[in-house]
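In what comes next, chain A is part of two complexes: it sits with chain B in the first one and with chain C in the second one.
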Partner chain A sequence: MLELIESLQEIKKDIELLSGQTLSDCYQCGECTAGCPTAFAMEPVPSQAIRLLQLGKFNEVLNSTGIWLCASCNVCGERCPRGVDYGKIADALRTIVLRNKLTHLTLEKIDKQFISDAPQQAFIAAFRKYTT
Partner chain B sequence: MKSDKKRIGVFVCHCGINIAGTVNIPEVVKRLKEQADVIEVIDHQYCCSDPGQNLIKETIKEKKLDSVVVACCSPTLHEPTFRKTVSSVGINPYNCEIANIREQCSWVTDDKEKATDKATKIIKTIIKKVEHDEPLTPITIPVTRKALVIGAGVAGIQTALDIATAGYPVILLDKNPSIGGHMSQLSETFPTLDCSQCILTPKMVEAKQHPNITLMTYSEIESISGYLGNFKVKVRQKAKYVDWDKCTGCDVCVDKCPKKTPDEFNHGLTQRKAIYKMFPQAVPNRVVIDAPNCLYLEKGACRLCEKHCPFGAIKFDDQDQITELEVGALVMATGYELLDKQMLGSYGFGKLKNVVDGLQFERILSASGPFMGEVKRPSDGKIPEKVVFVQCAGSRDPENAMAYCSKICCMYTAKQAILYKHRVHHGEPIIFYIDVRTGGKGFEEFYKRATDEGVLYIRGKVSKIFEKGDKVIVWGADTLTGKKIEVEADLVVLSTAMKPAATKEFAQLLKLTQDEYGWFTEAHPKLRPVETLAGGFFLAGACQGPKDIPEAVAQSSGAASKVIGLFTSDTLEHLPVIAGVNEDMCSGCGICIDVCPYKARELVTTEDGKKRTVKVIEVLCEGCGACSAACPVGAAQQKNFKDQQIQDMVKGGLE
Partner chain C sequence: MKQIAYYPGCTLYTKSKNLDLCARETAQILGVELKELETWNCCGAIYSTVQDDLANQVAPIRNLIEAQKISNKLVTLCAACYNVLKRSNHNLFLPENDIYRRRMMNFLDTEYDGKTETVHYLEVLKNDIGFENLKTKVKTNLDGLKVASYYGCLMLRPSDELNFDDPDNPTMMDDMFAALGAEPVEFPFKGECCGGYVLVDKPDVATRCSQTILESIVDAGADCVATTCPLCQYNIDNQQKLMSKQFNLPVFYFTQLLGLALNVDQKILNLDNHYIDPKPLLKQKGLLK
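Right, the complex of A and B next:
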């Protein structure tokens, strides 16, 4: 039996704050999944992921591979009849996962000049690279 | 018996290719000209069109016709059209007959030769019929311009107000001591969340104050006789044991009464006294004594109410009163009830205290309800932290309860969940649903509002509800994720199915038809939704099927407008194609009286007093022909369907 509401309402707040989306807006029509180019490989697919979040099954989604397969193409958000952008939700979920991991780079230790000179993308990629 | 030779004209319609595609019309015309004893045979593309009708009119004038046969579609479609056409040029409409060569010929075969033969035979048969047709005049019947509305919920009140405002007297009857119906029990109404009583009570007061409306509460129909425009209704007003002319509704007696019993208005969530007023805003604002619970009436001791009544209004010797009403039309506004929770075994058979139905939760939410608007649960008065709403409890369930969708539950559940959240901010409302159906103005937006305000919707029907400690355990599933779900709830609200309040016996008393669930059947599901097949009976509100308030009100105004239409004239016309009696042949055996379904025949003595014979009450006869078939000597004859005529028609077809 599933315990319905996990005591992780803080995570829900984080997801909604980071993504700017309201989870309860989704009425499960499935248009996001239908149009998603990577849904064939996703587990769970976008609409199911949102449903699990609505039910409070945050860990199930955070630990899934599906959120890493999102290509951020924004087709889902573009077509959603209720204005829910799953791309942004997936982004928020990835951020939450990453925030809970260790970053081996310390911002204060990096040369200020390097920060302003280096391409922004390389800088962000470095953080991703040194996060485990 | 054959009348003087008639001048008959036949018009054969092609109906585009509907008839002409299968029937060889020129051949039919040729054969009729050769074989039938008629003045003229003409064909036309569309006889029902203006040019077609003009052709018929011109031919009648030119050939001095006195009878017409139109061979075309079914008489249910264009018989009235052609009868009007011929009467506009002076022919009696009942001397125009339809030969149906479309539904009964061209549409049922591809064989052109056989279709042509059959069409010819059908037309020849009808030619034989018109040869004997008599000119008939519609029967005029008087109309009593007064209506009886049965049931005084919002539908009945609206119907009564509309008819009364048009200037006709109305009697508004209800079985309860007060008018108001279920709407007076509701807390707030979807999708606007306005207070139900605040919008209903002005209408209740208006009904009471309207000079054309007479209220008859605490009353039931005893018997009914008569027909459209002229009904006689016996009404039993139950003994109230209180003189309502003296009673002021001060409630002193209610305070003093020592006997308590479950309160119907609060659906058993509280107790009321044996002498009681249904609710504070009751109209009329009077008390009644519920005899089976009264200590004095049952056991002969007490009389406290009588002792304390400042107006001497208590009347223990009160009797049921029978009143006979004469009305021209009746409107059914008997409404709905909720399915009994005992029907729902897996949801606790109605035995679990903290499992309530929709109307009980309305009372819990209501400011005048058992907890004065605070949401508490019935078992211990605790504020429920988690409330589960179960939609489709008995609806959409042909195997165990009702097959139909009760229509209002999606919206009222959303409303109740929202209102619960407004009262208990930290509470968790969870709604289990199969589908959310929001077909109505502002309904989908209201559903969105519910999810916005923190109501969790779970798609799946609940399979089992049971008690564990002081919690109610709900087993369900979320079919969108395929996961089983168990909720430990403090309170469960079942959106139980709506069912008609009118019983089978009541429908039989009024001779009205019901569907398999007991909803009254309308005359036509699309085009005559407020009428019934019984003349003079109309339908308003949820007695015809599940309806929300705006729909019930709209249908009530529709029913009222039908009644007003009926009352615009003080006479009515009744079709003259009815049965007659040949007194010389009638032996007075009375067989026809027993077979007549309309009670339109009676035994009388002839004017000379020599023999018994049967008389037809013309306004009651619907022309079904049962008497003609049953009469052993052929004395009962249907006008324009006489035995001789039918024999000739058979011969005509066999020629």
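Right, the complex of A and C next:
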């Protein structure tokens, strides 16, 4: 679990700087969630996550499982009528967790047979997004 | 013969030899030499959108610099490599990223003006060779084969950075199959994500994404699927073993079907490297002896 030691203003600034997005631009239409292929398993879903961030509930989002399910497919960013890219926000949130030395994925968690079967591209991408 | 710099990427050298070898061979037949970069490194497999993450852009930029020794274009086949190489170059050379660009060049101790254009092999087929021209080179017409062209996410989005095809209704691969005599099948999930690297962390989530795509393809009446990405291929071919429905639908690389139409040797087509055996379908259609 990530315990934030920075002030709320600082963490908001970090998210906006790392993602290049302005949280207050989102007007909650839900287009990102509607198009997201993994939203069925996400908690919170993309539009909810942005709303929680707007309300300053950073701990809740940073410690959620939802941010790790983004597959970087960019449907949300492509379709947002306000030009907000949730994929970039998810990347920024994961980066904050990872830079606090909290690795999401370890090699031991992965099935051995799967490691020998799957294309290495999958592992390179996963370790880039899920490890420090 | 016209030479274009070629970047295979990590997976094409091992798990996806069929994607790589068929492309080299078909290009040769069509009068283009895909000249592999003398030295190259992995592109990183996924683009990092984190604004200060300059370290992750070093690998792709290094490949683009290396390409300059051969041509101003760099051809890739893997959708992930295409996405990473093209976006890295596009974003590093935006005017507002001047400071990052200078830092990168200082680190690499070289000068590079961003002139290497990353192109996908499909774009070479369309623009350099031409689908009309391709039609005249077909030896085995893929007549009667209903192909669902699955583009996935990495070739199409973000469209303002990649500018590959219509991000909602791409047609480039369909047009290529039409030129080969096959019947392109329309389905709504052409650009839907297969689950990608989420497979490594949460296989059940990724498998459900792939299953949604396969259901849509089967409903549209396709005989088989064609992809451009090794991870898409794995997700929608191999993961069929874990799905709640049996599809038994073969998943090709687009270069394999292109190779089949141009009578490329079966050793190069490498039709054994699939979870769902595609040979019975091809025999049934009279495309394979």
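To be clear about the criterion, the second predicted complex is superposed on the first by the 94 of 132 C-alpha atoms of A that agree within 3 Å, B and C clash if a C-alpha of one lies under 4 Å from a C-alpha of the other, contacts with A are read in each partner's own complex, and residues count from 1 in each chain.
We take it that a residue touches a chain if its C-beta (ideal position, glycine included) is under 8 Å from a C-beta of that chain, and two chains touch if they have at least 3 such contacts.
All of these numbers come straight from a predicted model, not from anything done at the bench.
Of the two partners, chain B and chain C, it is C that touches more residues of chain A.
When both complexes are overlaid on chain A, the residue A:A34 reaches neither chain B nor chain C. Residue contacts after overlaying the shared chain place A:A122 against chain C, while chain B stays out of touching range. With both structures placed on the common chain, the touch criterion links A:D25 to chain B but leaves chain C unconnected. Using the contact criterion defined above for the overlaid structures, shared-chain residue A:V97 touches neither chain B nor chain C, since it reaches no partner.
Look at A:K88: by the touch rule set out above, it reaches chain C but stays clear of chain B.
Once the two complexes are overlaid on the shared chain, A:L52 sits against chain B while remaining clear of chain C.
In the superposition on chain A, no residue of chain A contacts both chain B and chain C.
Listing the residues of chain A that touch chain C in their complex gives 17-20, 37-38, 40-41, 68-69, 71-75, 77-78, 85, 87-88, 91-92, 95, 104-105, 110, 114, 117-126, 128-130. Across the complex, chain C meets chain A through its residues 9-11, 14-16, 42, 44-53, 56, 78, 80, 153-154, 157-159, 167, 192-193, 195-203, 205-206, 208-209, 212, 230-231, 233-234, 238.
Contact residues on chain A toward chain B in their complex (touch as defined above): 1-5, 22, 24-25, 27-28, 47-48, 51-52, 54-55, 57. Note for the complex: chain B touches chain A at residues 428, 430, 448, 451-452, 454, 456, 458-459, 478, 480-481, 483-487.
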